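Multiple structures are listed underneath, in structure tokens.
Two complexes come next, and they have one chain in common, subunit A, joined by subunit B in the first and subunit C in the second.
What follows is the complex of A and B.
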């Protein structure tokens, strides 16, 4: 079968309405931050996109005070039905500006436009729409009558789904009556600052949402600030542990959504073509920068050869390159730093004796790209089987019996997600029950919805986002 | 019974993996009643005892969490039945430990039995209350079920030697978790007697392990142990809780938020403790023909 030639189909970067500079958003206004401005880079071209003002330590203080004032004077007193209307407005404004947000996200993050356009931005809008409806129905959420908010929430989010993670954090916090100070990731602050404009357009009361661009030190300031009642963090397990230690012994509430090393288990009766699609989606979606990525493929020995052959063929058809091109499957790695980390871990796979296969796809000369990679003959003791790579690198292990599959799948300090591929219903339910992970996808992978709670077991963190369960993170219950 | 009969005193030991061993350290400490009169020598548990207890609790977790909710409910109800049968003994021990008048001690024991019954009834209901069918926007069946988080380290209340103890241990078992409990240091005797009840109530070995000793010494070991998933720091006191919370961060343990001072254990509980020991798990499957 010959490959089809694709004509270039780039989305116009003009749609992003990129500005020459962006500034922190505090108390309803864009202000000059006291921190050193940072340059946000397009990871696909390494060009500077724009300059972003960052927060200083005193800006953190001002933002927390603005959030406190908004909480005391306006937001906590407002009837839930009125809060709801602001959230509905925000959901609609995200939908209206979705094309702009999608292109901006792709420029800043490097993810393919088809993902930001079809997944990140619409799901972000859906989160606001879903939580809007909760604001005046909290009595029915199962936490007793009239559950109370916590106060000011400090929220720190990662660079892999910048706008979507913002939505996961801000929507439930606001619906339950909290105000927020959010720090976007250092390398991906732009859509959060357009979101700040959306808050202005929605006429959201000043101080209810504050956005502070900055690096890890600003995150630490926020975590340690005495005026913050709740910390919500999504990011690495390493940083999550530091945050948990930092808030230990205080009255601050904490939820953590951390790393993972998910097993994607393929049993011998699985529909292999369908499983291959799920495996590809599981590890190559968003360049593998997904905390719940299916980074460990556990294949039953009797089908591993056939599966790998199909998998390699399918992976070789993935198109890597310009993230703005509508036909691109795999975009750019978000930063040079992350690319170096992926390379280092992949080299450890070579050194420890795993067999590396790399897609023959052409790789652009400029920009941060890493071709889809599959390691076979991986042993559980290898670093590529234990550590989160956060890149387009799949480790393939094998098993003989279902019990062995479960034992290997659970042999990790993480516990965020897992996948099961089999045609046998009873085996799906058995395996779903045995897997120690917060999300289990059976005959599918990487599905997200605001109504479905998401979060991890063990060192993948605690607390859930989404659904009725997710409201608990922002209520004093 | 003649008035001058010499009574047979009980040796109070630890409860680990369904057995009653002494501390491997060989250490003991004297336990007195509220007026300072000698009652018994209790085992003074060590770090090694903590580790043995965690191994036992982990080993028991698969069976206990995998048992049907109905079965767990019956086993826990059986504990209440056996507790009820030992009312007099518990009332005497609570009265001696806590310095309560007999009638008051009796009502504390009654409340403890009732508390156990309350939690026993939750085993096959909590998943209905906390679980969900998720109406996702796509052709998928998605549901969320709460599952037990694993091994829970419990630093039992220092003041309330039976009702407080039951109020913190029963919710752990009701969720399907297993427990390593450090009893009140100065009032450990009701905890050991409760262990005898557990040992004779069809609670599988290792599901509950009870150590007598100091929360300040054993708490940090539990908090830093890699095979403990959650902690109730009630008995650690305000200062001890800070250290324990810091140690717990190393393995991202769930640490129960507890009030500064011991609460009034006679107040009717809510399901917050059950919720804290449960992990919501969301399962997805496509729908299609």
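What follows is the complex of A and C.
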């Protein structure tokens, strides 16, 4: 029997139409930013992709003023049905340029093309379609008569889903009549700047959307700017706390979507093969760079051996490598810094006595790669059970009774998501009520939909994105 | 009754009707949304160049070239046998198919046309396709096939008994057919058709798969081709998982055969990807995976020429049999 190797099936990087340089987008124009240009690199090869101009603090001021002007002169006064047309137009343009966006996202972020192509970009378009539909129905959305926009929204997004997080932020803000100044992550600014082109193509009035590439200092300038009425942040809990401190005592509204350490609970009556799929999807999707990743597997002791045997076999079939290859399941970690953090936490797992198992898959020599890893014999007290790793590392804990499962699942300062695997409907409902997490998936994991509100408990943040509930974060009701 | 090599939990399962029922109902459930999502996800694998040609050749070698019509004649079977021997007359290096699959009364014709070629003769039996007859009639049907020289028997399970929960009856019948497959000088391989389109749920497919494996089926096969839906990718996933689980607990390799509805190369490659990634690379051989198909072969031949020639040649260049 000969082995069947899949021939390389790479998507062409030409599709990304990568430019030599990119610039900030302010007041409807691409402008030279006053900040030091940054080099965006391809995490799969460590090659420089392009140079990106960044904003300075005076650019932040100009952008906020441009957003204010657009808010006062056009956007807030525009009937919802008219705003909706722009959103529909943007949604369709995202679809039209979907291949370009997908390849560019993969080059800049390192995620596999099958995910950017089948998940990130289509879901981003779906968010604009969904919110376009709300723009003219806000009076009937249950907030009482005549809910009002807040004004200028400052939005700061992370590097794990660059375009999708942009869509989560911008679509509801525009639908409700706000204007935005958005700062993409330092390592992944490119699709946001192509989105700026799409705003131009859609004839969006100048200043309604402004995009400011830059590092954390530009983010804090934006947060502290007096002309901003609302801050929406997705990122680490550490930075979230700083932002909350900074806006305390001001009239700025704030929503935070922060870290997580989600429990994926597998009861002994679970559909085991699909639970294995859900565990894999929960922690290895997007290299585990998912705030709601199912990073803690809580398995009932009576099935843990069988489950782990199946899980290890399944994980060993995951294909790690060139993110542009259509058959790649696990791409590159986004940055050297993140890779170092993952390694450090994994080493703490070894040091604290957990059993490390690593997929035997080949790992490319260049680029930031980390092979899928499963730690068993993990105890609640270990760092890998408590801290967010944000990488392809699963910590396996066990439980004996349903109450113990819930107690362990809730034993975290986070509370973003959780998963329940059981064939018993009553147990799903019971467990969902006990779990302190913003999203509870039952017999599935990491499913996203613009109609479903997403957000956290406790140190995973507050406020919701998506659904009717998500609109409220951008409305004065 | 049970095979002596089985581990205790499996040999205990077949001790009596109650144990069998308890075992089958104790198998983990199959989540419909999850298995369909996984099948669709694996369906996006992109198989190109050398790996595609390898897949096409492998798929050709796995075809059970089938004719199961009321209108089948000796001439039709001989034509099919000729096609099996030389699928693409212009290209003698094209692999032969695994077997020709016919009704029992035509087995001797097929055997006559294929003796010495290494190509198997599979016969459907047991009151195919409905399986609605007495045990005696079904076994006579099997005897006709085996005595005529069939190397493989494709039986149907009694879906009525299965759906009524009379698992012991289904089990006994498979065992009886298995015994009947061993005639003087000829032991036919047994493929057990579950007719998954009539079992309706994935839980039933999993239970029927284990039932057939416990009873000694060498292959589990999705469908007769006479009921819609016939083979589907998610159903085949469940069955591939069953043979993998069987291997993990017993060390024995058993086969899977999707049949019906697989008409083109793209579909066939999706099935091979599932074989490769769900069951494992060991199953990528005609002794452990087959396609029950008729029109699939010509599409595989066309795509094979396209790969080798660099351009599409058109349906006039393959033989219609």
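Please note the rule applied: the second predicted complex is superposed on the first by the 473 of 477 C-alpha atoms of A that agree within 3 Å, B and C clash if a C-alpha of one lies under 4 Å from a C-alpha of the other, contacts with A are read in each partner's own complex, and residues count from 1 in each chain.
Quick note on the criterion: a contact is a pair of C-beta atoms (placed from the backbone, for glycine too) under 8 Å apart; a residue touches a chain by one contact, two chains touch by 3 or more.
Source: prediction; values computed, not measured.
Once chain A of one complex is fitted onto chain A of the other, the partner contacts of A:9 are limited to subunit C, with no touch recorded for subunit B. Judged by the touch definition given at the top, the superposed model places A:477 against subunit B, while subunit C stays out of reach. By the touch criterion defined above, A:144 reaches subunit B but does not reach subunit C.
In the superposition on chain A, A:278 makes contact with subunit C only, not with subunit B.
Contacts of A:467 after superposition: subunit B is touched, whereas subunit C is not reached. Contacts of A:443 after superposition: both subunit B and subunit C are touched. With the contact threshold set out at the top, residues 443-444 of subunit A are in contact with subunit B in one structure and with subunit C in the other. Within the complex, the subunit A residues that touch subunit B are 126, 142, 144, 237, 240-242, 244-245, 248-249, 253, 256, 258, 413, 428, 432, 437-444, 447, 449, 451-455, 457-462, 464, 467-469, 472, 477. Residue ranges of subunit C in contact with subunit A, taken from their complex: 28-31, 33-35, 37-38, 44-52, 54-55, 58, 241, 248, 272, 276-277, 281-282, 284-285.
Subunit B contributes residues 129-130, 132, 134-138, 140, 142, 144, 149-150, 226, 229, 241-243, 245-246, 248-252, 254-255, 257, 270, 272, 275, 279-286 to its touches with subunit A in the complex. Looking at the complex, you find that subunit A touches subunit C at residues 1-9, 114, 118, 269-274, 277-278, 309, 317, 326-327, 423, 443-444.
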